[in-house]
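This report concerns only the one structure given below.
So that you can tell them apart, the chains are marked A, B and C in the order they are listed, and the count of residues begins at 1 in each.
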Amino acid sequence: MDSADTLPLAKVGGEPYTRFPVDLYIPPDALEVFLEAFEGPLDLLLYLIQRQNLDIRDIPIADITRQYMDYLALMQELRLELAAEYLVMAAWLAEIKSRLLLPRPPAAEAEETDPRAELVRRLQEYERFQQAARALDALPRMERDVFAACAEPAQRDVTRLPPPVQLADLLDALRGVLARAELFSSHYIRRETLSVRERMTQVLERLDALRFTLFTALFRPAEGRMGVVVTFMAVLELLREGLLELVQAEPFAPIHVRRRG
Amino acid sequence: MPELKIILEALLLAAGEPLTLERLLELFPDEQRPERTVLRAALTELAADYGGRGLELVEVASGFRLQVPAAFAPWVSRLWEERASRYSRALLETLALIAYRQPITRGEIEEVRGVSVSSGIMKTLQERGWIKVIGHREAPGRPALYATTREFLDYFNLGSLGELPPLAAPRDLDAMGAALAAPTAQFPASSPQTEFPDV
Amino acid sequence: MPELKIILEALLLAAGEPLTLERLLELFPDEQRPERTVLRAALTELAADYGGRGLELVEVASGFRLQVPAAFAPWVSRLWEERASRYSRALLETLALIAYRQPITRGEIEEVRGVSVSSGIMKTLQERGWIKVIGHREAPGRPALYATTREFLDYFNLGSLGELPPLAAPRDLDAMGAALAAPTAQFPASSPQTEFPDV
């Protein structure tokens, strides 16, 4: 761009442009970057409007259209990839301009909307979101403004939670083991009721290896006849397995019981 | 057993990410588990302890987080100069539209911005975990509907979408229409909210 | 500008990894950079601030780091707990035998299963709180007698062992297994004789 003074920058409507638009104060080197910075035709139009402190709602269409075309010509000249949207906007601006120039019959004037209205609406809507984007950018953001505070634990163990088990799993396992046991006829599994086995555990838990407990204290009349029977069978089984020791000092004296070992 | 708020401090520091009240409660064995209100009170107390310190307790969308306050950015940002990413205006505008107008299609974003949205931007936003497709509009081509995520709120220190900075109100279009009908009418100068820095 | 030790706190918390004295110094702009001795003193001061808190400052091989003290492991380690997939068949068979044949020695379990029972299984079942040693058999080596616990009953929603599915002939068990697999299957109400208050 060193010969920018002499070579035309662009041709607009066949007219060569050798100067930058009057409102453009950007040094030529930065021009390309500057033009690339526009986020589309609405962005460029908003820029032109704000640059001149104009009210969006009362855009001098002729002026703005001329400036817009100047920039477009520059962008084309610099072979910036020009999105099709820019050309669509140019056509739209030209149309608005021509409609504003057409004389309107006084009667129709009241109902007819301003040809600029839709453009104004689009510009305002876009402007709102430009502001929103800036507000978003201004929020305290992780990794830029605020940072997660973390400290490694001195001791890091992974607790492994035990897996869940269903009762059906348990029964299934038992079925397997019993089926295997049946193959060996020597392993006869006796089938006491579970309540007796449970009572055996409970009796063992209650008894002390060092001190004797009164035999009758193992029974709870409140449990009823069946409860007493179950306890009695449990005690017999524990005696048979050599887990209990029964002691009677003399005939008819109270029987005592203690855990073996 | 240490004081409840101190255990919470340890948990939040070790986690390094937001933890919900429920998650915090889960971390206590059944017999130690505090009441929700007690836990909340302990968190409030903890937050107060950090006045003037290098960390603060905040509640974001995904729960409670301990973080280094923005006041320390001048020093901390030097830790990871490459990490502090700047986002383009195009990306921020797209994100703003999705945040304020969700659920929204790509076509609707393009309509407001007046320019097509690059696939790169949508991809970046999705990879960052800030937006996601939450459905499709029943229209030709069934375009995807985008919405922001919990991670988006967390990242921008927001508890909910309601905490987003308010969107400027659209100017009264009826009044404007009337004014436009009279070509000579003068509008007041644009309000300061439309003041922009140079591009 | 915040106090030096507070900036260091912020830096170490944001880093989440050890930082050397040199690295810490680098993070200050030239004109702010403290003397090494001043930095060390500030670190010492900072370390003292953490007495009774959920974090501590330690010097490790690769520098200074803030960490959550080991005392908080009981809570903190729950952050990363994971569920093991499932129990082995050997464990379930062992548990079933203890449940149905209690009190029982390890030797007796092995005799029925036809294979040895690993110590790991017995340990796991004890740690899970499902079995316990309730005595020893008067036999060479005084083998431990195992029984199930109240936790075992609670876990399987049983009021007593009597509510376990009855130990029927192996052939009947097939039918019973099928019934158990069907979610709507109802167990027959337990007979009154099996209902016991705690002994």
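Just so we're on the same page, a residue touches a chain if its C-beta (ideal position, glycine included) is under 8 Å from a C-beta of that chain, and two chains touch if they have at least 3 such contacts.
Please read all numbers here as calculations on a predicted model, not as lab measurements.
When chain centres are taken as C-alpha averages, the shortest distance to the whole-protein C-alpha average belongs to A.
Among the other chains, the CA centroid farthest from that of chain C is the one of B.
Separating the CA-averaged centres of chain B and chain C is a span of 37 Å. If you average the CA atoms of chain A and of chain B, the two centres end up 12 Å from each other.
If you average the Cα atoms of chain A and of chain C, the two centres end up 29 Å apart. In chain C, 10, 13-14, 16, 55, 66, 68-69, 72, 76, 78 are the positions where the chain touches two or more neighbouring chains simultaneously. The multi-chain contact residues of chain A, meaning those touching 2 or more other chains, are 147-153.
Here chain C touches chain A in the complex through residues 10, 13-14, 16-17, 55-56, 58, 65-70, 72-73, 76-78, 80-87, 89, 92-93, 95-97, 99-103, 111-114, 124, 128, 134-139, 142, 145, 147-148, 155-157, 160-162, 164-167, 170, 173-174, 176-177, 180-181, 192-194, 196-197, 199, going by the rule given at the top.
Contacts from chain A toward chain C in the complex involve residues 147-165, 167-182, 184, 187, 189, 191, 193-195, 197-206, 209, 220, 222-223, 226-227, 230, 241-243, 259-261.
On chain A, the positions that touch chain B within their shared complex are 34, 37-43, 46-47, 50, 53, 55-58, 83, 85, 89, 109-110, 113-114, 116-117, 120-122, 124-153. Those residues of chain B that touch chain C in the shared complex are 2, 6-11, 13-16, 26-28, 52-55, 66, 68-69, 71-72, 75-76, 78-79.
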